[in-house]
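Going by the order they are written in, the chains are A, B, C and D; count residues from 1 in each one.
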Amino acid sequence: MVGATGYGGQELVRLLARHPGAQLIAALGSSQQDQPRTLPGLARIWDGEVTAYSPEALADCDIVFLSTPEAFAATSAVDLLARGHRVIDLSGAFRLRDAALRAKFYPATPDPLPAGTVYSLPEFDAAQVPAARLVSCPGCYPTAAMLSLLPLSRAGLLQGDAIVDAKSGISGAGKGASERTHFSENHGSVAAYGLFGHRHTPEMEQALGMPVTFTPHLVPLDRGILATTYARLAPGVTAAQVGEAYQAAYAHAFFVRLAGDRLPEIKHVAHTNFCDIGWRVDAATGRLIVVAVLDNLLKGAAGQAVQQFNLLCGFPDQEGLL
Amino acid sequence: MVGATGYGGQELVRLLARHPGAQLIAALGSSQQDQPRTLPGLARIWDGEVTAYSPEALADCDIVFLSTPEAFAATSAVDLLARGHRVIDLSGAFRLRDAALRAKFYPATPDPLPAGTVYSLPEFDAAQVPAARLVSCPGCYPTAAMLSLLPLSRAGLLQGDAIVDAKSGISGAGKGASERTHFSENHGSVAAYGLFGHRHTPEMEQALGMPVTFTPHLVPLDRGILATTYARLAPGVTAAQVGEAYQAAYAHAFFVRLAGDRLPEIKHVAHTNFCDIGWRVDAATGRLIVVAVLDNLLKGAAGQAVQQFNLLCGFPDQEGLL
Amino acid sequence: MVGATGYGGQELVRLLARHPGAQLIAALGSSQQDQPRTLPGLARIWDGEVTAYSPEALADCDIVFLSTPEAFAATSAVDLLARGHRVIDLSGAFRLRDAALRAKFYPATPDPLPAGTVYSLPEFDAAQVPAARLVSCPGCYPTAAMLSLLPLSRAGLLQGDAIVDAKSGISGAGKGASERTHFSENHGSVAAYGLFGHRHTPEMEQALGMPVTFTPHLVPLDRGILATTYARLAPGVTAAQVGEAYQAAYAHAFFVRLAGDRLPEIKHVAHTNFCDIGWRVDAATGRLIVVAVLDNLLKGAAGQAVQQFNLLCGFPDQEGLL
Amino acid sequence: MVGATGYGGQELVRLLARHPGAQLIAALGSSQQDQPRTLPGLARIWDGEVTAYSPEALADCDIVFLSTPEAFAATSAVDLLARGHRVIDLSGAFRLRDAALRAKFYPATPDPLPAGTVYSLPEFDAAQVPAARLVSCPGCYPTAAMLSLLPLSRAGLLQGDAIVDAKSGISGAGKGASERTHFSENHGSVAAYGLFGHRHTPEMEQALGMPVTFTPHLVPLDRGILATTYARLAPGVTAAQVGEAYQAAYAHAFFVRLAGDRLPEIKHVAHTNFCDIGWRVDAATGRLIVVAVLDNLLKGAAGQAVQQFNLLCGFPDQEGLL
């Protein structure tokens, strides 16, 4: 896999090292200049060295995971596909179908997308994954938004637009050291960012087929996202129908847990691959509020990528993820 | 003052002890059974003892602050008014004008409200405060929502309803020890609560004159609220008009700071009486997002109460608050 | 197992539910009055109900884990032993050999200790565990202190006394709601407690055979202990000998990782069963500083108990713990 | 003042802007290349711009505060003294009397120290400050250690060496962005650093006149230090004598509060200039433990510097600090 020193990348190394059906052949950095380094937190789990990127080091890999910046993924994925690898990409490079939007948000990505590119959540449209050459994983925020609304939007239960107000831990800002990621700038604080301009907005709109206003916030914790989504039910839709749609959509989704009386909290999903979902309907106004929580490094990144790997290889959904 | 051991109450003691125009005659608990106790964090600032509640201990107070549960405030305020005191109430007991809503959310409050009751934010309608007998302070969440939207709603710039998605530190849940306030339940977590049912919703709707969907969240910090508010501009309203409305409304409001390019963050207002406000307009859709931050214990409680005190006494707005 | 709703207890349920060699027959509370409840964070991992304590509910268990207050453990362990169960006790009830000290710190514990009682760290004296009837697990702080110093004290490399300055996350204070465990009392703060009087002091002195000054602190995080231990090398002992003693002691200890250049940090062991140990020697003065980190709920409690379980059953050390 | 954008520097700007006896003439960066910038958190308190360093911009300042890296302070202080300014230096450049130690830890500092250099804590030896040309402020950790032990060491109540185990918030690591100050590296974690090698060790030894083992730790909070100090009483010294020595030393020290039954916690001193001190004596062994807490940015830096300013100018100790 490539990008082993980032926060998501380290989780992926941890998962692959313990996956009974995977053999982690190489863990590389996302630069050809990276010095070899170990991952002290993973000692005894994975005692290898992360080395500089080179496609040759991946020669024996059937499947290559890319957990890298999108510009790097955009070019290396094409190269790796040409070399015959299948690729699971965690970056945003291949997520948008619309060429104009892709050119705006991911300018390094080739047009058209490589043949065999599939953008898919394991809980929806999984059937198309086994034949994919390049699996593009949804972003952490879109994963939360899609798991929150897809069962309803696909069933035609919604109208109008949606607002996704998301609260994310700081690991979501990446491992780069900056004023934005400094401890003292975030401890005891909350900050909104990317209003009306975050690149996850078009991804959500593409998946949900409705206009989305998306506002991410940084909250002072390490791992986890809580997304509060506001939507409106189509005329005549009842709370019972909402519940049935969720039950039907996730009847066989091991990693989606529908919360009952208690609303979801990040605490219950941090360090797991679960996404917990709760909701409330205001019958008088048709307003719907959905609360979804997941670990941005697992269900929002490395864990979901392993689910894709399981789909590609025919393993059970949970394999290596419990 | 009454309610000196709570988190907001301790801040009020601190402010009053240092206020050059105030003499803190008594700091009482909100029960007649409270044992005398000191406030170790305030040593050298205020070295008195918090004693049990009795109206007699307040006999020499011109103005009595109530920082207590609302059931206690509902009955003691009436008693104190009858004894000739003026009262500044930080609880919710006297906030709602509508008798039916009040009966639902604050059943201990008398009907009708006492003569001379004024519900007011110091930044709006301050002219009515000096003549008040009972000043009812807005709640911490409504303060954020009102400061975010009143300049626009009063200017007729909005249409439809509003969504207020608020993130609050745990001190907002009060000093009572419970599973909800346990450190380990909140560290590394975020939780939504009170969906469609929080009593601050009718308070916001009363103040703003529009339907409000309000969702509070607990985030893992001690002090501060960040409220993200979503509204729609009326047809033809421009972003420039929005900016002008804010500038006009807060031209003389010392404690409201309009953020420029940088969005507000809790870090900048914690331990101060400031409310920082920033906003963005999406011209294509008429969507408005407002981000407001304040310290729930100061601008959302004790600091705002001191502003009311300054209004009652004719002191400058900042007196005792810098 | 008994005590399933506490923080350590929930971790134990999680571990046992996933342990390939264990069957979790019953998860009980530590009171006969407990109402049945589920553990929402463990849904899909363990979907049972925690029910009230009764020895009959444990009838089919070969081995019973007690993760309860020590007074409860003291009496129920004796009862369970009489019923033929083997017991792994995570409380302090059976840790002290000296009857007078035990009477002082654990007055509910019977004297003499039940036959077949073994107090043991899995990394030391493991050979005596398989024959035990009652395994008494070291406390979370003593585990850190013992893993820090036992390789040296047993090799005769130390002289004088030791100081153990420990920093613990708030989950170590238990799940009970109190002012001490309130979020706002701990966020942004650190507190020392139990100076010269903590019951883990005699446990450390018993294990290490030297006087110990032990000071625990609460630091604002959920899970983890970092113990900084200060000792003196015996005359003539070199830094090299210290390193060799650690290497020898832990050559086969999977869950003890000797840190190299980088000092241990809680981050690397939280949510794992590892204990990372680093040290520095000041050759001029013979001063030694050891830094050890572990997760108090795993290596300091539930994880260590599973290691004992593996010893009792003849499973490999890591079974169910990766 | 110089160094206005650092965490301590911003606190100093805040204090000086509000100090009734001070006029903040210029707030500069510590580089001649700094771009002008505002301090958004201080809007309405201080609305000036921080500009690039130039000695000319300070021409009208009687007293110049340096809150800069020590290499910068070492050279600019000499220049400013030559221009006739008096200087209050918060860096380490002028703290060590011993030339060899200074050469090792602060190589940029001139030898000998400038005439009129005084290193002093406001609570001790304050009489020498008014005549000083250059006041060198103790470091944040040494301040805690000196306030903990000086009353005892000067009274001859101690013997042997001392161990200072300090826990500091991350703002103590400075505003520079690095992996060490990244939020995700510190949240949920504790790390020790600088074992046997921190430059505050010789400063403590110089002040206390005894060998010191000093171990700093980073704990996941923003502001505050808790120092746990271990020492031994000289033969025959009683706990009562210890208490009397503290009472005598701090009878007139407004900003030192001797805790009673309750041990000090950072929470009580964060955002204040207080240092709270508590202690326990084990009569049987003569062991002493002292717990001291302070805000590293105020009592450990900017607040203490304002105390020095008050001494230089003849203002009361508390002026501008309440």
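As a convention for this text, a contact is a pair of C-beta atoms (placed from the backbone, for glycine too) under 8 Å apart; a residue touches a chain by one contact, two chains touch by 3 or more.
Just so it is clear, the model here is predicted, and its values are computed rather than measured.
Peer 1: Which other chains touch chain B while also touching chain C?
Peer 2: Under the touch definition, chain B and chain C have A, D as mutual neighbours.
Peer 1: Looking at CA centres, what chain is most distant from chain B?
Peer 2: Chain centre farthest from chain B's centre: C.
Peer 1: Please decide if copies chain A and chain D contact each other with the same set of residue positions, more than half shared, or with different positions, and reply same or different.
Peer 2: same
Peer 1: From the C-alpha centre of chain C to that of chain D, how far is it in Å?
Peer 2: A distance of 38 Å separates the two centres.
Peer 1: Could you grab the centroid distance between chain A and chain D? Build each centroid from C-alpha atoms only and quote it in angstrom.
Peer 2: 46
Peer 1: Centroid from C-alpha atoms only, then distance chain A to chain C, rounded to Å. What do you get?
Peer 2: The answer is 36 Å.
Peer 1: Can you pull out the residues of chain D that are in contact with at least two other chains?
Peer 2: 169, 185, 187-188, 220-222, 267
Peer 1: Chain A touches which residues of chain B in the complex?
Peer 2: 163, 165, 167, 169, 185-193, 195-196, 211, 213, 215, 217, 219-224, 226, 228, 230, 263, 265-267, 270, 280, 282, 285, 287, 289, 291, 293
Peer 1: Across the complex, what residues on chain D touch chain A?
Peer 2: It comes out as residues 7, 169-171, 175, 177-179, 181-188, 220-222.
Peer 1: Touching chain B in the complex: which residues of chain D?
Peer 2: The contact residues of chain D facing chain B are 18, 40-41, 43-45, 187-188, 254, 257, 259, 262, 267-268, 271, 274, 322.
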